[in-house]
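See below for the structure under consideration.
As written, the chains take the letters A, B, C and D, and residue 1 is the first residue of each chain.
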Amino acid sequence: MAVTHPLDPYLRVDRIPTMWCPGCGLGIALGAILRAIDRRIEEGLLKKENIAFVGGIGCTARMTLYPYFDSAHVIHGRAIPFAIAVKVVKPEMKMVIVGGDGDIAAIGGNHLLHALKRNADLLVIMVNNMTYGMTGGQLAPTTPRGLYTTTTPYGNPERELNVIKLAAALGANYVARSSITHPQLLERTIYKALAKRGLAFVEVLSTCPEIFGRHIGLRNPVDLYMELKKKVTVKTNPSIEESDYDWGRGFVIGEFVDRDEPGFLDTYREYISKSFGGGAV
Amino acid sequence: MRYEYLTGNIAIAEASIVSGLKFYAGYPITPTSDIFEHLARELPKYGGHVIQFEDEIASINAVVGASWACAKAMTATSGPGFSLMLEALSLAVITETPLVVAYVMRTGPSTGVPTRSGQYDVLQSTYGFHGGLVIPVLAPSTPQEAYDLTVKAFNISEKLRTPVVLLSDAVVAHTYGKVAIRERSEVEIVDRSKPSTPLSEYRPYDPVDGLVPPMACFGEGYSVLVESLTHDERGYYAPRSDAQRKLMWRLYRKITESSGKLFDYSSLYLDDCDVALVSYGSTALSTQVAAKTLRERGVRACSLKLKTLFPIYEEGISKLLKNVEKVFVVENNVGLYYRELRGILKDRDVVSVPLIDLDVPLPQEVVGVVDKWL
Amino acid sequence: MRYEYLTGNIAIAEASIVSGLKFYAGYPITPTSDIFEHLARELPKYGGHVIQFEDEIASINAVVGASWACAKAMTATSGPGFSLMLEALSLAVITETPLVVAYVMRTGPSTGVPTRSGQYDVLQSTYGFHGGLVIPVLAPSTPQEAYDLTVKAFNISEKLRTPVVLLSDAVVAHTYGKVAIRERSEVEIVDRSKPSTPLSEYRPYDPVDGLVPPMACFGEGYSVLVESLTHDERGYYAPRSDAQRKLMWRLYRKITESSGKLFDYSSLYLDDCDVALVSYGSTALSTQVAAKTLRERGVRACSLKLKTLFPIYEEGISKLLKNVEKVFVVENNVGLYYRELRGILKDRDVVSVPLIDLDVPLPQEVVGVVDKWL
Amino acid sequence: MAVTHPLDPYLRVDRIPTMWCPGCGLGIALGAILRAIDRRIEEGLLKKENIAFVGGIGCTARMTLYPYFDSAHVIHGRAIPFAIAVKVVKPEMKMVIVGGDGDIAAIGGNHLLHALKRNADLLVIMVNNMTYGMTGGQLAPTTPRGLYTTTTPYGNPERELNVIKLAAALGANYVARSSITHPQLLERTIYKALAKRGLAFVEVLSTCPEIFGRHIGLRNPVDLYMELKKKVTVKTNPSIEESDYDWGRGFVIGEFVDRDEPGFLDTYREYISKSFGGGAV
């Protein structure tokens, strides 16, 4: 099999093309993630056999189907506890969770909350397309207020969930928002996040022209992409207040939190080794 | 080998360590918390991990994850928690993930009487998850059986790449009994079969020869795919009837065709019996006494205690009871396992003896009901 | 009455409005989301509420809450979501909360093939929750039956104060058919019986006469107690064997003793039949054709389509099939409901015909299997 | 039946004494809650028949067994969705959720998160005894780091969950911390919270001498009560930063958030009535 693309070694090329609709932002996201991983492998920080992708259910979670690493495509909302366990048993693993806003922040909300609280050693990449794409356009926790969706045909009466604010309040080591409209920046963000201990949370604003585009009147992929790009402002070290989530006023992308507290694994192992002199673990 | 006085719960915890447990995830629930607590103290001494999660859903999903990281993994729970775990048990079935759930039944439905016993969940233990396949279910009635069946549960889970339910109850959980504790060297321990193919040729759901695929795990370079969708041997999504049929029948057959090998029971007076009292779990304690009482009164009674509840070894059970005239199925519920047995003992009278009691129904209750039918 | 072409899913949604639905809570899942979406548009026009929750667990618990606020309440889901709902269904059973769950089966286990069909969850639908009691289960095979059985499901839930599962499948869900739509005035609608006692004397779990207690709800001044623990007639915790027995047997009897009244079926050639093909749901569509085909070939075949799956009307089914020599149970799974039927048809040959297909198994497949046995 | 206590009309007196251990802080909390409700009933803001208590599982959730209102003692962690539904169907109801730290913030975390996000019209009272009391002393999300519990016999390696910070980040209308060591203040806090629309969240620090007391070496109820009292500092309008959760350094109690955004019910009804001219709802 001829290698035709520099990322082919990281892909199950026999599964390409992907199941994603034309114009979907997920391909851009996957490309950026794999390039960031490639750089970390080239540097020697990561080993290919120690990288694992875990996803629940949804279009983003299907990102686990294509990379040529250990992968788990599990059940809706539950990627995080699966990944925590792998990391505890095999601390040499780098666990990458990929999930949509519904998978990570709706049904999976409690596991995210407690992973943040624990500062669990995970890279959580939440690709936010602001809707339920796979099931056809229902309300997501990130759907802009007022928007008509298939389950809110009279307008979404709910406030949006700002997951950046949640992640920051609960003490993740790294909290960033990025966007598929800025692929190089996205790659740099993932690259940085891959080196963190503790929990690194990256929200990736993305485009779903097929479903969200229909809701918002921008079904042409390029139009939706350009619209999202217009709404995005890049900032260096923005404050948490600047993370406000507002489709109307646009989104600040950047690193909101970057600290280096001990991760769950550090403290867990410290407590056990204190009692057993390090021999048992 | 040494002897200790242990409760059923502690016997489960000790046996799981001997079986090679390396990861326990759990959430507090009566009457199982002492399994968790015992392991939290002991397992780290053997290099294992014990983590409390935010709920039972996270716990069972963590157990699935740990198993894919090569660790023998377990959780323990009771009714409300088991109901929450069913979605992930369905995941474990289709991904063929070895794991053990110690299900210590209490009084239900819902919160019920959390501290007391019952056998209401015997059908749920294998029919509870969506997908319509079979999870092996073992039921101890004493601390010794809790110990032995825990070892057996881990071995089955590894041998058949399947979740296994160890179905105990609140009476067994907290009754002390003398238990023969065996060292690891004295026990037959089965470990999952590992792939022998080159890294790039490994197919995680290819049974090669037989029905159970060798299992690679995370971090070994095999690039395994854990896939909850209907998949082919590679783990690739295969939304086709032929793929679904192939997968379903293999998953079904690997469990049901092992029913003879998995079958475990004990009996009293079975060689010479007209009236069989069949039971399992803590109720079997009374049923054995009831059989003796009836014998003393001249009734040719016997007792059959089933330790393997699912998959049902239909031919085996049928054969054991072939000379019996009447079969009484004694249970601490409304008559659930009876529904299974009457279907496989078609040419015999099968009578349900449902006795609801927060503890063990008394032997005289069993005798009382049987008397009415004799 | 008027006729419309509807899918099974939309028939369920429309019938639920006619039945008096006032609260729907849900979470998106294939192949049920269009029930949710249709109701989101239509139900507010009738003063009802449709809310999307964060997951299936919240949805079903909201449905329980809404029912205690006097609203007829429903949710719809499929395998993974139903597994998550089981803990709360157990709550609904012990608190005797009327509600309807439209369970549209897809291909399992786990994620399986979300868009395609199967009948894997027929035993889970009633044995899935912890507590070992019975939830009534109705299974439509056409959009018209989906409509009629939805009305029936609401009526049973109110009459017996129980959760009811409407067990559809992905084929019925998305097949169009002509449906006789009845207006509310043309349909018999049952509402829960309300207490007639003074406010301070009301006991929420006292059946007064019969087996089903009148039901007050929140905000009416009755100070009701919704209690998940084993309780007495007042709703007070009663951790005693006598209280447990009394509650369990009443909850069991109110459902099982209604099995004759709840029973619903349709048949072809049953009066004159040696070989019966029994089925339910979308598979029944093929089975009916298969029976005709066999007749044309001179085999005295008939078809029995069961619309009520649980509680099983044992005497009724046995009587319907009393002159039949051989019974074939045709299902799109590994042979699950067969396990029930063989237990109640002891003096007849009962053969399992498990046909796994992502759509409806073809009539010739059914005929092919039956042929082997004739 | 002779009325012997002013709160008797609000109690199922035939169920008293409660199931709580001697020295448990829950009796103080229940008394304060009922006095606050009594004042609101006397004022005419609330009607007895429109008050409902909903609790999941745990010692605090059993608080639903005693008040003489509509009550639901449901399943672990799920009181909130039950209560939201009652409120949507019967907006005249005042829904009071009572739960422990495990019920509300561990297993129930996702429902709390989304109720906060929605600003659902609920009064959520989380009584925090820092342990799992009913099941015998396992780790709670609020257990102080390092503490030995029955499931962390080598010390709790996890950071504590600061639910005040979570509630504030997600936009509750009212967020307060109180303590059973300050019953009058607790009563005033509940009194105020009862008048709020949207979500009012009150954390009540409490004492579990039987279980938490054993872990911490203060099994005498008075000793534990005095220890907690020492750790508590009352502040007027403290900032969110002052909400830090730290058994060692003590706890600030007071009102961290007090705003008046529309509750879920307001916006939900606004969206529906916009489409139906108010006729349908």
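Just so we're on the same page, a residue touches a chain if its C-beta (ideal position, glycine included) is under 8 Å from a C-beta of that chain, and two chains touch if they have at least 3 such contacts.
Being a predicted model, the structure only gives us computed values, none of them experimental.
Any chain bridging subunit A and subunit B, meaning touching each of them, is among C, D; the list is complete.
The pair with more inter-chain C-beta contacts, choosing from C-D and B-D, is C-D.
Distance from the subunit C centre to the subunit D centre is 38 Å, each centre being the mean of its Cα atoms.
Averaged C-alpha coordinates give centres for subunit B and subunit D that are 39 Å from one another. Taking the mean of the C-alpha atoms as each chain's centre, subunit B and subunit C sit 29 Å apart.
Between subunit A and subunit D the centroid-to-centroid distance comes to 33 Å (mean Cα coordinates, whole Å).
Counting partner chains per residue, subunit C shows two or more touched chains at residues 44, 54-55, 80, 87, 91, 110-111, 228-229. Subunit A has residues 57, 73, 75, 106-107, 109-110, 113-114, 141, 152, 154, 268, 272, 275 in contact with two or more other chains. Chain-to-chain contact here is organised exhaustively, every possible pair of chains being in touch. Those residues of subunit A whose C-beta lies close enough to touch subunit D in the complex are 106-107, 109-110, 113-114, 117-119, 141, 146, 152, 154-159, 161, 165-166, 168-171, 264, 267-268, 270-272, 274-275. Residues 22-23, 25, 44-47, 49, 51, 53-55, 57-59, 61-66, 68-71, 73, 87-88, 91, 218-229, 236-237 of subunit C are the ones that touch subunit D when the two sit in their complex. Note for the complex: subunit A touches subunit C at residues 57, 73, 75-77, 102, 106-107, 109, 132, 134-136, 138-139, 141, 150-154. Interface residues of subunit D facing subunit C in the complex, by the touch rule stated above, are 15, 49-50, 52, 54, 57, 65, 68-75, 78, 80-86, 88-90, 92-93, 110-111, 113-114, 268, 272, 275-276, 280-281. Considering their complex, residues 79-80, 82-84, 86-87, 90-91, 93-95, 107-113, 115-116, 118-124, 127-133, 228-230, 239-241, 244-245, 248-249, 251-252, 333-334, 336, 339-340, 342-343, 346-347, 356-359 of subunit B touch subunit C.
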